[in-house]
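Each chain gets a letter, A, B, C, D and E, in the order it is written, and its residues are counted from 1.
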Amino acid sequence: MLLTLLAAAGLALLRGRNLFAVVMLAGIYSLLSAGLFTVMDAVDVAFTEAAVGAGISTVLFLGALALCGHHENKPGHTPLLPLFVVLVTGGLLVWGTMDMPGFGDPANPVHHHVADHYIEESYHEIEIPNVVTSVLASYRGYDTMGETTVVFAAAVGVMILLAGRLGRKPRPDGKGDGT
Amino acid sequence: MSLDLLVSHYNYWVVIFLMMVGFYILISRGNLIKKIVGLNVFQTSVFMLYISMGKVSGGTPPILLPGEEGVLYSNPLPHVLILTAIVVGIATTSVGLALAVRIKEAYGTIEEDEINAIDARTEAAE
Amino acid sequence: MSAHLPILQVVVPLLAAPLCLFLKRGRVAWGLAVLASWAALAIALALLGQVMQEGVLSYAIGDWLPPIGIEYRVDIVNAWVLVIVSGIGAVVSPYAMTSVEREVEAERIPLFYAAYLLCLCGLLGITITGDVFNVFVFLEISSLSAYALIALGRHRRALTSAFRYLIMGSVGATFIVIGIGLLYVMTGSLNMADLAQLLPEVWDSRTVKVAYGFLTVGFCLKLALFPLHLWLPNAYTFAPSAVTAFMASTATKVAVYMLLRFFLTIFGAPFSFDVMALDRVLLPLALVAIASMSLVAIFQVNVKRLLAYSSVAQIGYMILGVSFATVTGLTATLLHLFNHALMKGALFMAMGCVMYRIGSVHISAMAGLGRRMPWTMAAFVAGGLSLVGVPLTVGFVSKWYLILGALERGWWPVAILVLLTSLLALVYIWRVVEAAYFRDFPGDEATREAPWTLLGPTWALVALNLYFGIDAGRTVGIARQAAEVLMAGISP
Amino acid sequence: MTTLLLLSLAVPVAGAVFIVLLRRNPNAREAASLVTAGALFAIVLRIYQAVSGGARPEVTLAEPLPGIRIALEAEPLGVLFALIASFLWIVTTAYSIGYMRGHHEKNQTRFYLFFAFAIASVMGVAFAGNLFTLFAFYEVLSLATFPLVTHAGTDAAKRAGRVYLGILFSTSVVFQLLGIIWVYAVAGTVDFEPGGILRGHVGAGLVPILLALFVFGIGKAAVMPFHRWLPAAMVAPTPVSALLHAVAVVKAGVFSVLKVTVYIFGFDFVAETGASVWLMWAAAATIILGSLVAFTKDNLKARLAYSTVSQLSYVVLGAMLANSLGVIGSGMHIAMHAFGKITLFFCAGAIMVAAHKSEVSQLNGLGRRMPVTFAAFLIGTLSIVGLPPTGGAWSKWFLGVGSVEAGQIGLVAVLMLSSLLSLAYLLEIPLRGFFGKEEAGGEGAHGETHGDAKAHADAHAHHGAPRWSVAAITVTAAACIALFVYPEPFYRLMTMVAGQ
Amino acid sequence: MREEVIVRVGAKVLAPFIITFALYVHFHGDYSPGGGFQAGVILAAAFALLALVYGLDAVQKVLPPRFVRACAALGVIIYAGIGVVTMVLGHNYLGYDALAEGHAGQHYGILGVELGVLVTVFGVMVTVFYLFAGRGRRTQ
């Protein structure tokens, strides 16, 4: 059911040309996917996706739209090449999933190798009930540090792009003004 | 293609369909903001693919209930990976949007073909 | 402390980056960046020495043994790449001071160095890690900061190029994530060494093959292999000079490394070459990239773009070496990683000197510079000759092994093509040389040579170009050893 | 002994440094050039003494790639080449002083500087201990001579420079380098060894291909169709044409062909496999075609250039004969042609400076005003054609006998025909000079020059060529004759090469 | 906007709750979903809300841009710094067991790094919000 709604939202996104509506739809899409995550036991992820996808990124999109205008031009030509690329990629993925272990099967290798350790040992090793937190902050704490750095890098990037004095546009001729 | 396969993989396939919708928006649309929306949809769908992998039928969220034996928990590792990926996604989105804003200021438009036309004109004038 | 070198390699620039934000003065931030870059180089060299003596180093982050925790794993292959990346960082960072002050507004300079350090840290992180998901995280650190650095260019097209890079880079990264996910679902592991042992059991599953395909596309986007190179030329053209010099010498190299690491260490040479026929896929792509991009480079009027197209062609040479599927071929690839970093770094830095004085890198702006800026143009000529592959330069060393590799496989037409395309390099370099030495200088009589703060680092790279062209024994030795390690797969 | 080898490279480089340091004072600068040239010749002479005594000094400078060294080694063939080049450098420097000043050339410091670099790389080529070293100095030579070719800085010079570098680089990179790496791939070494290194490593089918890669890849040997750079390079000032394009550069080419044939392939091995037969005929074709083209050229330097193309292939032919007589003739011809052709170029330059004449058809009667120059031209002609009493007779003799021994009677006919042709197109010049009727105004077809210029030209013609230049011409012409009487040093060196 | 008293009061009332919720999410991350990242986002959202209602300037007075920028950098330093501390204490990087005996070490470590994440995420989100909002105001 959620999946079907998601698909509908996705298609609507594709068709919509009012960017305002598109952004709102994207927020809804995120919320729906958060719902899906909850269904699939990923409560932490759902929480984050709701906060980020439906919250922060919608706000950012709206902020950007306020600056950029919210109408999209009609695509000039039928995009056959992208369609082809997408079909090939999608087809390949579907083909690839044929050999994938079935959805939700507890015997899948993915649930055993290291996942077993996390679930069985983490309480002895770290004594925290939320395994996601244990893995996030300790077992794979270094990834999280990288993630923090990514966020920081994004801030640096946005500061570089938007913090300057306004009205000092880059020169279209690209020549240095020598100052 | 057996029904069995269909049932056990239906979830993946819908997710792949969504992924491709996002990917298609990303590569076929000329509007820069729409492209970023597409990227978001694409990435969110990839997250769903990961979370689908971590799901164990009949499992519960991986928050341990000490003292209770025999509880089937879902795999926490994909959740952790996706938490990281979500953060990376929002980081990319914010930088992309900031770029779009600057492009709008510099060119007066965020439509790719119009930008290309402007660039071609200035290049020819040089 | 030496046991902690692997992690320090990444943490030093990572910690220096946020510190830059507390610094108001650009010069201080610059000093910090230089310090961190040189520390990184020192660590990388120490690691290379350690690896050559003691073999593979493994560092368990958070005391969690792999595959439970994240592992840093240094063997001779990535120690070599670490030296390349940090070495270029160590040369470019001193150069950046003068160049950046000219090309970037003063209030953004500390941010510039923060982004530069993040980029460096990301690239080093990708290289050193032994965990596939960690690759993705650091890939994003380096990419995000790279987008911002490129957008700092003065021309408004820097913005559009950065945006295009962002889109294509994110697609590449997402493809890589999909590939990693599919591998994970088949094995349950994220550790490279662990994956290498688990994968053979599931070799014949379609999922692994599709994962392989997605990873290939993802890496090729990141390393700008023709025809997925579209983001590169403009990004290199419009970025600030120091950024171009740094990125051109490191970013694509690290992407090539990722490809080697995934395909040869994780999947293993037998799977890549025998099952997936990677060599037969890459060979035509590499040849087309070399030939077509060299030709395109000839017709460019912006010298930075000319060099950018040349970079795409040179990436073709690296991939060509992989496609030989032999130790000699990989030796050529690994050598060229290093050698190309040296020559392209020198060339782009020379262009930065021109940008500093003339404010343009259009080929017509080079007119008469041979007399006005003799040292700059001499550096360009030296770097250019190295690119062409004249003997006694590093370019020749790479070419030698590439052709040797082709002849070993009995592919003499490939050898001839490599030689012919190096002549194309001569043509496009020579266009600049002719402009510089045979035309009269139209500009201001007061135009002088670039300041030594720019020339010093540029010439340092030129000197390395010559030194490692005359005494390549050590580099060849390391590259060959690394190639053997790659071909042999991972040692348990 | 090894110090001498190193000095042979270091001295010209040091000379270059002094030339730059003394650039403010032309007299001191030229003196530095002369002293350097003299010192270099003295060094090479000492090496000659040692080598003819059986010594084979060698020194390794660096090892760029594992197993591949930059090494210098003095062996007879290299010594022969070094002797010629270093001796003629002295003479050419003397000549240049007169020519460059007489012609009021610009950028004279740059000229002497790159000249010195070119000589340094020629020494490197001569004493190269292996293929790699040879290739490296060969390329450096191309680069060092490029500024000399484009000395004038005009559009024509720029175009010529492109052709020059284009052909030399493309052939060397595409064919020669491929050949070198191929040799390394099959033999595991690129060192020059007496008797060659390929025997036992290469099947008979591959030898002709490899040999062709070298013969055509050494573009400086100007085997057709890769000869176009040589006439193009004639835009350079005459001393450059004289030393570099008649002696050093082209001889570096044919020398390399000979050296590769002898020390990489081994001429016995070439003869056994019959790899060189079609290459002989390629050389023969170049000999004839070069002569024919020379006939059609009215421009004196162009005619000499095509004559050079033709004569170079004699050397290549000698190497391809792959027997000891052919090799001796080949080596001798390097020497004899060098002295003969430099004389001719010197004369052409002297005529240009003194009388501002560059076309053959303008030379009528000039010999009576410049008797020394035209007499020398005659001697040079005889030596090129191969007539006694000049040194050229010896090399032609050995080449002819070598062809007979190789069983290629057809080639003897080619040699005869070509000698006749060259006699015809070269003899025309002294004949016009001495017996032609001088046209009124002395300007021939281009009679519209202004009175001033004419007076100027006449004044020069009466004074004759600059003294420095005349002295140089006399020396080389005398050498042509002396080598007929006493070819001993070159002959001895070549028998050492051929005898092994 | 001045007339919309309800909104202003509402925001004023809401904001402390949101902040409290954020802190709850942060410190309760060990037992239920949540942690530094989510807490940082929520905290930032609280200030974004205040900014929407009271205007950017008012919020920037309480929370100067320079401060949030410093937060963004500080969080990374805290996180990476904890790693350095464990290293100095003789363990591997981010080996929390160095911090204290038994499981407490792990707890301190996790709490510490989560704090780093919180600080950075909060700083970054507010910075980015300020920049977008500020840009919009200046272009109008």
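Rule of thumb we're sticking to: a contact is a pair of C-beta atoms (placed from the backbone, for glycine too) under 8 Å apart; a residue touches a chain by one contact, two chains touch by 3 or more.
These numbers were taken from a predicted model, which means no experiment stands behind them.
Both chain A and chain E are touched by B, C.
The fewest steps needed to get from chain D to chain E, moving only between touching chains, is 2.
When chain centres are defined as mean Cα coordinates, E lies farthest from chain D. If each chain is reduced to the average of its C-alpha atoms, the one that sits nearest the average of all protein C-alpha atoms is C.
In this structure, the chain pairs C-D and A-C differ in their number of contacting C-beta pairs, and the larger number is found at A-C. Per-chain Cα centroids separate chain B from chain E by 25 Å. Between the Cα centres of chain B and chain C there is a gap of 28 Å. As a whole-number value, the distance joining the C-alpha centres of chain A and chain D reads 71 Å. Centre-to-centre separation between chain B and chain D, using Cα means, comes to 70 Å. Of all residues in chain D, none touches 2 or more other chains. Contact with two or more other chains is made by residues 14, 17-18, 21, 61-62, 133, 137, 140, 144, 147-148, 151, 156-157, 159, 178, 184-185, 190 of chain C. Of all residues in chain B, those that touch two or more other chains are 23, 27, 32, 53, 61, 63, 77-78, 81, 83-84, 87-88, 91-92, 94-95, 97-102, 105-106, 126. Pairs of chains that satisfy the touch definition comprise A-B, A-C, A-E, B-C, B-E, C-D, C-E.
Within the complex formed with chain E, the residues of chain A that make contact are 43-44, 46-48, 51-52, 55-56, 59-60, 63-64, 66-67, 125-130, 132-134, 136-138, 141-142, 144-145, 147-149, 151-152, 154-155, 158-159, 162-163, 166. Across the complex, chain E meets chain C through its residues 69-70, 72-74, 76-77, 80-81, 83-84, 87, 91-97. Within the complex formed with chain A, the chain E residues making contact are 29-35, 37-38, 41-42, 44-45, 48, 69, 72-73, 75-76, 79-80, 83, 93-94, 96, 103, 106-107, 109-110, 113-114, 116-117, 120-121, 123-125, 127-129, 131-136, 138-139. By the touch rule above, chain B contacts chain A in their complex via residues 4-5, 7-25, 27-34, 36-38, 40-41, 44-45, 47-48, 51-66, 72-84, 86-95, 97-102, 104-106, 110-111, 113-114, 122, 126. Every residue of chain C that touches chain E in the complex is listed here, in rising order: 4, 7, 11, 14-15, 17-19, 21-22, 59-63.
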